[in-house]
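These are the structures in question, set out in turn.
First subunit A sits with subunit B, and in the next complex the same chain sits with subunit C.
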Partner chain A sequence: MTALATAPRRDRRPRSGLRRGETLAGWVFTLPVLVILGVFLLVPVLMALWVSFSDWSGRGSPFAPGVGFVGLENYAAITTDGGLPTRDFGTSLRNNAWYVLLVVPLQTALSLFLAVLVNRAVLRGRGVFRTAFYFPSVTSSVAITVLWLFLFSATGAVNEILSWVGINGPNWFNDPTGIVHNFLGAFGVTSGPDALTENGFLGVTFWNWLAGPSVAMTALIFMAVFTTSGTFMLLFIAALQNLGGDVEEAAMMDGANAWKRFWKVTLPQLRPTLFTVLTLGLIGCWQVFDQIYTGTQGAPGKTTVTPAYLSYSSAFLGQDWGQGAAIAFILFAIIVFFTIFQRWVLRERPVSRRRARQYEVRPTGRSMR
Partner chain B sequence: MARSTARTIVGIGALATASALVLTGCGSGFSDSGGGEAGSGELTSSDDALTILIGSSGDAETDAVTEAVAAWSAESGIDADVVAASDLSQELSQGFAAGSPPDLFYLAPEALAGYASNGSLTPYGDLLSNKDDFYPSLVSNFTYEDEFYCAPKDFSTLGLIINTRLWEAAGLTDADIPTTWDELASVAQTLTADGVTGLAFGAEYQRVGAFMAQAGGSLVSEDGTEATADSPENLEALTFVKEQLASGTFGYATIDLGAGWGGEAFGKEQAAMVIEGNWITGAMENDFPAVEYIVAELPAGPAGQGTLQFTNCWGMAADSPNQEAALDLVEYLTSTEQVLAFSDAFGPMPPVESAADQWTSDNSELAAFLAAADYAQGVPTNDGIAAVISDFNAALENLKAADPQQILDTVQSNTEAVVG
Partner chain C sequence: MRRWRSRTVTWQIALYALLIVLALIYISPFLIQISTSFKTDADAASNPVSLIPQTWSAAAYERLFLRSDFPLWFANSAVVTICVTLGRVFFCSLAGYALARLQFRGRGVIFAGVVAVMAVPAVVLLIPKFLVINQLGMYDSYAGMIVPLLVDAAGVFIMKNFFESIPVSVEEQARIDGAGSFRVFWSVVLPMARPALITIIILSFQGSWNELAHFIVSTQSPELTTLTKGVARLASGQLSQGTQYPLKLAAALIMTIPVAVLFFIFQRRIMNASEGAVKE
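Here is the complex of A and B:
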């Protein structure tokens, strides 16, 4: 936007003869890309949009004469009808919301931490660490999922290690209980107040919305953090290396310690990268599919069903193509909403008065509080 | 700014026009190939080669089917190609959506109603020359709206698999093989010891449903038009299973024993008995050859004997250009000799009664599986029932702590939404 604003204003009147041909040439040059994007992206998306409003049964073309328009019926089936499809959709949103809530902050914090760590000049063998941290990211998610199934099996390595410190590990991928419920259960709270258990949203009671990710989902959360932190670490490293040393030095001269320099000087400068990482993380987390498909298939107790997997299973396995497409579009709306929301939260703001006061040079000088 | 907006609008307009053109193009292209109505009784015929899509359990099955189809090709002079799918239901869906499905394919009963109702399948069952040879329960499994759609390929039933070493170590003899629920509970009690659970099975309707059948219950009525999930019979069955799970003499293979499935729990001797189908024999042979076992029929419940059966059929696409050849191939593949050869190669039981005697004498130790065919109950086949069953399975995982009546009430309301 800044580039646009500062660019000299162009003449808006009809273009002179010399320039006329340029528009056409421009279109000709961009045509291949437009056609490719149109055929392989826009058209399928529009087809899917039509399917979500139709009663297409999966045979032949969705545009064949026999396929009828059913309006919002498919959307109603998964949101307001209250039947099994609604409950499944509610459950999948619950599962994925907890997944996002835990994975995005954890992976962002971890990747930033790793980036700061390997960016330090004093560290020996930085390359080795960088490669090691990045390695899970380049490995196929299917391979990692299989590895995870072994590590987190009832008699797997993780439970073995937990047993050394006297913890009787859970049966990870077969445990459908929510971790928040388990935590409350430890204090003797096993059922919620009527206000939470009697009422609900999307066919799932509020008490179950608050169940937290199941133990099985928690294992997948660890996996997501493990695999994606490396990628985002690279983004943070690139951003950190772009930062000029002068600001840092100035802060040092002003007497800011390392902790303060990180929070007040380095981190604010990383805001664009932070936005990128959070957005990519958010989108990736809402779209989680292959781990579910290869790993758990939604088990145990449907606690690892995600909207993306539910969309696949209701279309390909349940033959409810309209509902599958509708789920996909609702998912799309959710992702767009959160991306915009995040952009708004992380927008450039004028320094607030309270914050500005902290930087004011007081006449008394020394007594900085 | 104004100019770039105008450009954007022109661009979007151009794209919209282009995509509309492509869409209409697609539409007419598809409807040409997809609209062919094949009424029952009239099969298409041509010289086209056949494509057969199978969801194979492994190399043994792929090789056996490929070999059999090649033998038929040599005999009939029609080319046929066997493709082993990595994800059968997905590849099948893609084929139907694209209007170019395989000619013949494995079809699960729970997928039948969906494909039959949208006209993807040709109901050819009544045209089979050997149609009276199939077990009636299998035929009814593949009958949708009074039409026999496809020929059963093979089938399996659930039986009680008993570890002979643990059985004898607990002081039990052949006379103790349980024939009632009480006896089952008492031998499970006897067999349960440190590290060994008496009886294990998967936490799913596909195993627990056998108890429901023994109590005289089912998810849907026999004609498939009524939901019967919340019947007192089903309640009795779930209550029995729940009590036994709570006492620790029964255990879920995955949740309580941490095994991948019943066969693994059995092979590792974590469970002295399991409820599994005849596919367990292959797993035992390959993975746990040292474990000795016998197969017994499941004990009778309050309503007599009951078990579940699982099967697949040879589905035929309505869009197939060469259905006559496909029908001929199905008759070949379901002939007595051929089903016996398949059974020999990869385990499942022949779907035709004419092969029963031969099979029983070849596999005397597995006779209990075939004997169960007389009273076996099929898995419901209503359109949309798969989602109901998977929801039921999720609830069954928690049976130990849950209220069986509440589970059944939910299943009942879910089932009512898809039947009738």
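Here is the complex of A and C:
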């Protein structure tokens, strides 16, 4: 046991005299953190897990004798029963899936683009540009949502600007139509094939799964990209500045143009940051709540309901605590799944033989490991 | 040579033009917000883009400060933010120091636990947090708003990383002089940790000032409404009739000011903070 306790020591000087009492101090120092994290994080999760298996109605303690164990009933209600809770849950997953599908790539690409633009050594006024791009990220989601509701209102700034170029903008936050459906509608396709409209998943037909985000959700997607691109830009700038210039110089000597250097040299070296940005983006995007609470409350036509908001509204507004907790745990599982999936997709792979041959001529830097 | 020169100049101009356009796109929403907050309702509706109000009007601000609960919301946000920030600075640095420097049994387990906790998404905790706060009898009180936010796993992580980067020899001297662990921490190590402490202050000020979900599930009475909660209600029209955009935008603007001030004071540090924090 003593060996275990002393294992992390870095130097071997005997200093047991000076180190006496450190176990006590260590525990005392970490106690507040442990207690608060335990009481407000670990215990609540366990309690909520119990609630998701119970028929607790929100009155009294969830551990009171009257509260019954209902097994997987709450989970079944939102996934397999086919009733309203299932349809709502399916709709919320569809809404959020489209949100993730559009926001994550857009914010990653845009933030990388901004980082590359402002990272040039010769650029004047770098600080000003960085500040401009980053500022939206420090403001609260509530304040930004209020601003967005104004900018994207029917007679708001966005539609006014669109009208300058002859576009009649939609009534953004009141338009429940899906943008993929609208796009197909422009070619005269207004209803899907029977195979898609008659079958479905989680109470939502495949045709509606494919509807795309509603126009209202699209406005929220723009907002997410606007507010997060600055934060992620900073991460990319930090990574770009940590890159040694030597690999790039070597590529320049070999006559690679800027475009090629970016794709073949810079981007592979940014892999860890890219992974961080994608994961953080994905985790954040599955948690959309503030914007929905402040802005649309799920309207129009439930097309901006997200699982996070649905979990809140089922429990606190609908008093269906079991289902609310069950939704929260499914959401948790989704986030964990995608994080692991992403880690797996972007894992450091041994270079394939075909790939390796390309590099054989000059086996340099770290990027090819 | 000359042709090469003129090509780079063209590129430079294009680059700056692109940057300026992008910067305008990022800034203009806030400029529109400021000007709209000084417009009349009718002016805001008919001229949503113009940056100069047709008739200047401070009606929105008058209404907010003199005839609404806005000052109360502001005070609540300030109280909570100050308490949370002080608590986080103290507790996170204390735990960070212990995890970085003190050799004690169970350290590895504690650190693993803190890291694991960082992975739990906040939104998943909405219902759970309410359950515990309710059980502890802290629902609808300042305690319920503040205590759960006092500790932040990411803050512990940042402090631990910082303490690991400063040389041990400084503390050793104090130890040889007979100072106890807390003494070493308080009077030797903490003063050296200023850069990291400022990072924690910025993060927790911004985080708790902008926090919404936690206050929704931990309070209900109007006296405990924070700015985020109040403005969110205002936005969804629960307190006002009609659109009243100048009023809503003024409220959102005032709410942004403290964070913006902090941002401009510590700009350089904020811009570089990500470097240390995100190393994989």
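Going forward, the second predicted complex is superposed on the first by the 324 of 369 C-alpha atoms of A that agree within 3 Å, B and C clash if a C-alpha of one lies under 4 Å from a C-alpha of the other, contacts with A are read in each partner's own complex, and residues count from 1 in each chain.
In the analysis below, contacts are C-beta pairs under 8 Å (C-beta built on N, C-alpha and C of every residue); 3 or more make two chains touch, one makes a residue touch a chain.
Keep in mind the model is a prediction, meaning the values are calculated, not measured.
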**Asked** Where does A:I161 make contact in the superposed view: on subunit B (first), on subunit C (second), on both, or on neither?
**Response** second
**Partner chain in contact with A:F289 - subunit B first, subunit C second, else both or neither** = second
**Asked** Of the two partner chains, subunit B (first) and subunit C (second), which one does A:L72 touch, if any: first, second, both, or neither?
**Response** neither
**Message:** Under the stated touch criterion, which partner chain does A:V189 make contact with: subunit B (first), subunit C (second), both, or neither?
**Reply:** neither
**Message:** For A:T276 in the superposed arrangement: first (subunit B), second (subunit C), both or neither?
**Reply:** second
**Prompt:** So, A:A25: does it touch subunit B (first), subunit C (second), both, or neither?
**Reply:** second
**Item:** Partner chain in contact with A:V39 - subunit B first, subunit C second, else both or neither
**Value:** both
**Fill in**
In this superposition, the partner of subunit A with more touched residues, subunit B or subunit C, is C
**Message:** Applying the document's definition of touch, where does A:M47 land relative to subunit B and subunit C: first, second, both, or neither?
**Reply:** both
**Prompt:** Thinking of the overlay built on chain A, is A:A109 touched by subunit B (first), by subunit C (second), by both, or by neither?
**Reply:** neither
**Asked** What residues on subunit A does subunit C touch that subunit B touches too?
**Response** 4, 27, 34, 39, 42-43, 47, 61, 153, 155, 315-316
**Item:** For the subunit A and subunit B complex, residues of the former touching the latter
**Value:** 4, 10, 12, 27, 34-35, 38-39, 42-43, 46-47, 57-61, 63-65, 83-85, 87-88, 153-155, 171, 174-176, 298-302, 314-320
**Prompt:** Residues of subunit B touching subunit A in their complex?
**Reply:** 1-3, 11, 14-15, 18-19, 22-24, 26-27, 29-31, 33-35, 89-90, 93, 96-97, 99, 111, 114-115, 117-120, 254-255, 258, 383-384, 386-388, 390-391, 394-395, 397-398, 413-414, 417
**Item:** Complex interface listing, subunit A residues touching subunit C
**Value:** 1, 4-6, 8-9, 18-19, 21-27, 29-30, 32-34, 36-37, 39-45, 47-48, 51, 61-62, 114, 117-118, 120, 123, 127-136, 138-147, 149-151, 153, 155-157, 160-161, 226, 230-231, 234-235, 238, 241-242, 272-273, 275-276, 283, 286-287, 289-290, 293-295, 297, 308, 311-312, 315-316, 321, 324-325, 328-329, 331-332, 335-336, 339
**Asked** Of all residues in subunit C, which touch subunit A in the complex?
**Response** 15, 18-19, 22-23, 26-27, 29-30, 32-33, 36, 44-46, 48-49, 91-92, 94-95, 97-99, 102-108, 110, 113-114, 117, 119-133, 135-136, 147-148, 150-151, 153, 156, 172, 175-176, 180-182, 185, 206, 209-210, 212-213, 216-217, 227-228, 231-232, 234-236, 243, 245, 248-249, 251-253, 255-256, 259-260, 263, 267, 270-272, 274-275, 278, 280
